[in-house]
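Both complexes shown next keep chain A, but they swap its partner, so chain B is in the first and chain C is in the second.
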Partner chain A sequence: MKRFTLICGLVMSVIVLLAGVVSLLWTPYPPQAVSAANRYQNPGPTHWLGTDALGMDTASRLMVGAQTTLMVGVLAVAIAAVVGVPFGVFIGLGHRGLGQVVARASDILYALPAVLLAILLAASIGASIWTATIAIGVATVPVFIRMSRAATITVMEQEYILAAELSGASRLAIARRHVLPNIAPMLGVQAAASFSMAILAEAGLSYLGLSAPATVPTWGGMLRDASVFVSPWQVLIPGLAIVWAVLAFNLLGDGMRDYLDPRLSEAR
Partner chain B sequence: MSISAAVIRRLAVFLATLLIASLIIFTLVQALPGNVAQATLGMGATPEAVAELSRRWGLDQPFINRYWDWLFALIQGDLGHSYATGLGVGQQLAPRLGVTAWLLVWSLPIACAVALPLGMMAAMWRRRRRGFVVNAITQVGFAVPVFFAGSILVIVFALKLGWLPANGYVSITSSPAAWASHLLLPVATIAIVQACFFARYVRSSFIDVMVEDYYRTARAIGWTRWRGLIRHGLRNAATSLLTVVGLQVANLLVGAILVEKVFVLPGLGSLLMSAVAAHDLAVVQVIVMLLVAVVLLINLLVDIAYLLVDPRLAGRAGGGL
Partner chain C sequence: MTALFELDDVTVSFGGRRRATLALDHLSLQLAANARIGIVGESGSGKTTLLKLLAGLIVPTMGTLRFRGQVLDQRSPQLMSDLRRQVAMVFQDPRSSLDPRMRVAAIVGEPLLAKAQRSVFPTALSRRRRVDEVLQAVDLPTAAGRLYPHEFSGGERQRIAIARALAGAPSILLADEPVSALDVSVRSQVLNLLNRLTDDLGFSLLLVTHDLSVVRHSCDQLVVMRAGRLVEVGGSSQVLSNPMTDYTRALIAATPRLSLQSKL
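This part shows the complex of A and B:
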């Protein structure tokens, strides 16, 4: 059962990854090829997943859309981890003043989720894939702070930390040599979970038109441009792609957690 | 620390957080002040006209002055004027508030009411196929973007079955029946997605109780599983649900913005999005401020509710990590 979750997540994630990578080299049709004669085709042998309002091939655009999804996800999670983990570790090592300040800052970020941050940035400097990425990344920082803080505290209760302290190791050395290697697997689990949340947030932002420009195919943008009244297929397909990707990285995270630490498994 | 002192302390933290949030929002939105007058008047405007408009709107003032002026006006209930239309922001906001408020007021309790039995079933049957199915449904459900869920409901209930209108809004005063039918799908959309998210927390809080000795004792003396879970588990699940609701309020508001777009509802979210498109910063900053204030206020109320349930928390600092 545990392996099942991990393998499901892994296979599903790899498919998303492959779609994005392959689209760099090859797509069934050029993703921007407009064809007035082929508007709103249903899935079939010529266009596997049909065509949209401008006659553009949905399968090709779906593959190219995976690029944006993956890139925004990777960058946003990287921002969150690079900013959040050092704060979390230092608070976990016992820096109380910093803990208070960061706790208040997290409160504010909780009230300002990614979409609201992106709306603020879009209103002042204009929406782009970068404002979307930064907004999602910043909004995810508290998650990494909280997680790495909790993991650090667990590590710090171990006896070898006491031994290291007694032998004169500095805080920084303990953090680098003992804490980081020990919390790394947990960080991997968190990264997968946050990645799926980032995909969901990016999809929402591109649905609202607050991410990549309209010319770049994105899953959220494809959903926005489609109409349930004209062609339900063109709504269902990008929507299912988002569900697939979110589910993939969720399962990957759950599977990794169960595999690394069976005690944390939900299915006790 | 007594409970009233703890409540006052949390109130102070709430106000301080609100103040800092207002500074962040104003800073982010007003990062490029000079361009507002230019953008409003268009590229062909004379520099004199731009300068005149900047002066009238106070855009030539130093940043910190503009912030204080905005904040003090806000505290006194003056929400400012739209840069795009010149109308009062409050005037634009008022008819929109009700739509978004109805969405949230209905969807949150429904989500909780669905999540409790769902999570309970998933916990009770966690080693059986039925439990696996319930678990899988919640796992998939919470991977569904709320705007996609809305589209699916429109396809099924409006287009295929023709039971409900696909979009639009009718006010409750003009026709309560039409109001309800127009609100049903948007509310269901938010409620279903949130319920799947809540159900996962409810499930693990029920499981926490099921591994306790007192639950085993209850079972040993002949209580049925249902009785044991309801008598012992429900309180635990309710508290954890309260926590998640606090954490999810912000996402709930974002969900409302997205759902308003799907169903073309004239709420706060659609006003916010059209203000963003028009670079109407005065409207954007007030709406975001309002949404943030609502999130912080609900979290304050959740915190206080906690204190009343568990007075031991009075000694601890509220919220945060």
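This part shows the complex of A and C:
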């Protein structure tokens, strides 16, 4: 059963990844090709997933949209992890005074939703994929601070840390040799979970026009267009794509957590 | 001859000023060098705190601690680092004291990476040789270095922990309940190993335990503690055969294996 979750998540994630990668080389139709004659087509043999209000091929746009989704997700999670993990580990190592400051700052940041940051950035430097990525990344930083702090504290209670201290290892050496390798599996799980949240956030931002420009196909943008020109298929398809991708990375995260459960590692 | 450690009216308390818990309560004690000393008492008697104090991990709240005749506190960082270099520790549970994500060779070799050891083991090769050496000293094959801790039994893991303790060539070995987490069947093996190493390498062994049969097996001196205070101290056979206090008598009576072992 545990393997099943992991494999489901893995297969579903790979499909999203493949859609994005293949779209770099090939799509059924050019994703920007307007065709007035082929507007509002239902899914069928010529257009697999139908066409939108401008007659553009939905399947092609969906594949291209996966690029934005994946890129924003990967970069946002990378920003969050690269900033959040060192802070989290640092305060988890037990620096009381500074730890409190970082923890409170992280709480404040945690209360700021990505949408607000995105609006702020869009208002000051103009909306783009980058402002969306930065907004989602920064809003996810506290998640990684909290998680890596909690994981570090658990590791620091182990006797092998005491043994390392006794043998003259510095704080930095302890963090590098013992803490990071031991919290890495949890960080991986968190990254997958945060990735699915980032996908959802990116879809929301591009729906609101706070991400890629309208000319670039995105899942959120397709959803917005379809809701303006009432077209059930064209709402359903990008909606399902978002659900699919969120589910995929959530399952992947859950599967990884179960698979890497330390209580099972002895038996394995 | 000066004692290895000399505690003079030492108190260690944890927690705030108002609700402080006294882990050591005005304890005065001398511990001789090159001896095998057992420290016994129930859990909560301050045994582990005493070990941490002697390892330089904590300092006395009140009173003085002397190491080889010199006062040890925060104002003597040089002496503190001398002490840490000379002390090694074996912990109760080798499941928790060995990092599950490190190979055995890295675990055993970790003390060699410390600043103080850099001049002794400057190269990776010299460190690897030393790791092989101490693995052999605890009767493990050198191939064990390539494996992870979870691939070993409890007794073998404790040998790995002992090998790590030996790596930096300490003069004092502190053992905190080194066999109480192990199967009864491998306890005597590990204790025999500790005894043999103490004889061969000539270090001072301080062994904390709640099990008097362990003391009889391994120690020539015995310190009995209760609630952070000293109850009784003396040669272990003398204390065990002729206890001076009711508390020690009660401890002896509560250890059925003691009489059984002496019959065997």
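The rule we apply is simple: the second predicted complex is superposed on the first by the 258 of 268 C-alpha atoms of A that agree within 3 Å, B and C clash if a C-alpha of one lies under 4 Å from a C-alpha of the other, contacts with A are read in each partner's own complex, and residues count from 1 in each chain.
By definition in this document, contacts are C-beta pairs under 8 Å (C-beta built on N, C-alpha and C of every residue); 3 or more make two chains touch, one makes a residue touch a chain.
Note that the structure is a prediction, hence the values are computed from the model and not measured.
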item: Partner chain in contact with A:53 - chain B first, chain C second, else both or neither; value: neither
item: Which of chain B and chain C A:216 touches, first, second, both or neither; value: neither
item: Touching partner for A:165 - first (chain B), second (chain C), both, neither; value: second
item: Touched partner set for A:120, first chain B, second chain C, both or neither; value: first
item: Superposed model, chain A: greater residue contact from chain B or chain C; value: B
item: Common interface residues of chain A - those touching chain B in one complex and chain C in the other; value: 266
item: Contact footprint of chain A on chain C as seen in their complex; value: 55, 57, 84-85, 87-89, 91-93, 96-102, 106-107, 110-111, 113-117, 150, 161, 164, 168
item: List of chain A residues in touch with chain C within their complex; value: 158-160, 162-169, 173, 177-178, 181-182, 262, 265-266
item: Complex contact set, residues of chain A against chain B; value: 91, 99-100, 102-104, 106-108, 110-113, 115-117, 119-125, 127, 145-146, 149, 196, 200, 203-204, 207-210, 220, 223, 228-229, 232, 235-236, 239, 242-243, 246-247, 250-251, 266-268
item: Of chain B, residues touching chain A in the complex; value: 13, 16-17, 20-21, 24-25, 28-32, 126-127, 139-140, 143-148, 151-152, 154-155, 159, 166, 203-204, 207, 211, 247, 250-251, 253-254, 257-258, 261, 272-273, 275-277, 279-281, 284-285, 288, 291-292, 295-296, 299, 317, 319-321
